[in-house]
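Chain lettering (A, B, C and D) follows the sequence in which the chains are written, and residue indices restart at 1 in each chain.
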């Protein structure tokens, strides 16, 4: 019966993955609704149309930021999940909390894009990233303590995943603290951290085969 | 041909799970659309922005309530499904009815958040939870009677799943009835029941390995 | 290499199923966005709230109709797909056309609900159902001719699936034609046909194990 | 441990496929929200309703164009993915970039439909298609160089997939360049290219079993 139980539990992880992919997919496309086609009555020349499209630029940037952040955390959740042998009620609810913060991200990114010089907008955005990081860290920590990791998980994966969350969140916190100087500096640092995790080559990533 | 039939039926459960995850994912993110970024023309200070964000607070609470309820019923459906060996037309339609009530939940939660002192809003919300519980109960009851449960389903799972739905729905009904006293008392009891099913340690859950 | 090819083709069916489930899930929840919470400023009594909720009734009915129709065609597509051993470019595009008509259904159902006494609204709705039926029929017909059915498909499945589509579409056509008498009669017949396919016990369905 | 690693990597491809299907499904249904039911107060005759529905015609065309383009690129991504044995961080991010351009497509198609005589609208639309093609090409090119293709991938698949992208993008570029003559000619050529890839029989497609 043990083998059967594992198989059932495996399905459970699959459904959590299915729900997560669905929530991420919807959250990733929600902000596109803000890109409204300009009203044709107001446009009378090529130049006016170009200007109207150009005027949507800051929404496209906000959308891109939101998309990259969602991509980072989708990767983070996935990198954990491939090491889970099964889930339980608590791990599921920790991941549901994570998904809740995922759905809030389009809102807080939009707020930051609209109020780029306001410290409170930056703090809302940073709180969202912090909550995502905390719930992801708790998810891994709980899974390890509750013995939900696969037996074939390489021993160094634990410290790599935990260190990655802690370092990234420290950098985000430093970036957010820089808003005491200037919100643009703050945003610049946060975007740099995000691009680093999305694009830059990562020695740690290579060593553990993290995706 | 029997083995083949089982395999085909297995895929059928997979697609029902896929559709369910999709519907839950969309329903879980729909209410975020109500969190509109404040209009930048109306905001001239950090304080005004903080107030505008704070003003969205009751929508965030409503969203969180809706999300938790959806999480509870997603878990409930999943806990059943891992014991189904296959589906048939009737079981599929019972689950489609369940999904229909799932998609109504963002609406009835929003109604309750907007009209928190109105008994009719509370009764609409409670009816939604009742219909979710009834369809979930009927789904399990039908699957058991039609012989659609896996042979390896432990014998005590049946009573655990049925009792769980009945007890939860009784508590919800008591909570709803308390609106004769006061809607706030009523909502408090319902939220307490929900948090109990989401967060609190459950001895029954542990015994049967329910997720 | 033949075994590998089959496995790859199998994955292809899985992704078509994944896309279909996603499209159906979004289409099934889109109409909920029309259920707007009444504005709290306009409501000053329990009775006013009940009336406002009651006023949403025809939208709930339209939503329910749309949901049932989507459920019927989701079942229809799934009943075919479990007999496909693999897909190819043409079968994929036939199913994409089917999905296109799926996404139009919330619109045409909403049109019918809003203009229940208008023959043109009924004809738009009926055209939508007709196109769904035609694309589903073409999908099965093509899969059979192109040799894409599993070898273990029972021989009577072909005639059952084809007859089912033809009979249902004939009944819908009769229902639509009755709009020459009265649109209410017409709608009544169409809803009766839909409920028959959703709820009523089906001897044909039982014989072939259709889900 | 190697076998285990492959299995984990396989799951990773599955989740990328799940996320992609979700994003495509949402993008494919988003434009339906633009098909608004005419307001019943403004409609007083069958003729007025028919005219109102007819007035939605150009939105339906735009929607259909967007749907077909999404279908083409969904097929393109899928045809690649069945040859990937596993993913890594870089391949995942290349595909996330691809998905970002996917979500922009409903916007740029809507822009083209609204401003059909404007060259800038056409260039925005063409840029979107170009970015989709480039990211798909980079995805394949990277996967091949990084050794992420299955060992059983037939040797001619590489040149077929690359040539297909290059030829299609050349035809799109020629179509876009024709806007110097007239935007209608330009759009006509682009739609012809799209229909060719969606519907027309393809010798290349048959030879490699591409779906």
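By definition in this document, a contact is a pair of C-beta atoms (placed from the backbone, for glycine too) under 8 Å apart; a residue touches a chain by one contact, two chains touch by 3 or more.
Please read these numbers as outputs of a predicted model, since none were measured by experiment.
Visitor: Of all the other chains, whose mean CA position lies farthest from chain D?
Guide: In terms of C-alpha centroids, the chain at the greatest distance from chain D is B.
Visitor: Taking shared residue numbers divided by all residue numbers at the interface, is the value for chain A and chain D over half (same) or under half (different)?
Guide: Both copies, chain A as well as chain D, present different residues to each other, with under half of the numbers appearing on both sides.
Visitor: Using the touch rule from the top, work out which pair, A-C or C-D, shares more C-beta pairs.
Guide: C-D
Visitor: Rotation angle, chain A onto chain B: superpose the C-alpha atoms of these two copies and give the value as a multiple of 5 degrees.
Guide: Between chain A and chain B the superposing rotation measures out at 90 degrees.
Visitor: Look at interface B-C and say which pair in A-B, B-D or A-C is its repeat, using the rule that over half of the contact pairs are identical by residue number.
Guide: Repeat interface, by the over-half criterion: A-B.
Visitor: Cα centroid separation between chain C and chain D, in whole Å?
Guide: Distance between chain centres: 25 Å.
Visitor: Report the inter-chain centroid distance for chain A and chain C in whole angstrom, where each centroid is the mean of the CA atoms.
Guide: Centre separation, chain A to chain C: 35 Å.
Visitor: Where in chain B do residues touch two or more of the other chains?
Guide: As it turns out, chain B has residues touching two or more other chains at 18, 21-22, 25-26, 33.
Visitor: Would you mind writing out the residues of chain D in touch with chain C in their complex?
Guide: Going through chain D, the ones touching chain C are 17-18, 21-22, 24-26, 28-29, 32-33, 35, 37-38, 40, 43, 46, 49-50, 53, 64, 67, 71, 74-75, 78, 81-82, 152, 198-199, 202, 205, 209-211.
Visitor: How about chain C: which of its residues touch chain A in the complex?
Guide: Going through chain C, the ones touching chain A are 22, 25.
Visitor: Given the complex with chain D, which residues does chain C contribute to the contact?
Guide: For chain C paired with chain D, touching residues are 1, 4-5, 8-9, 11-12, 15, 18-19, 21-23, 25-27, 30, 33, 87-89, 92-93, 96, 99-100, 103-104, 106-107, 110-111, 114-115, 118-121, 124.
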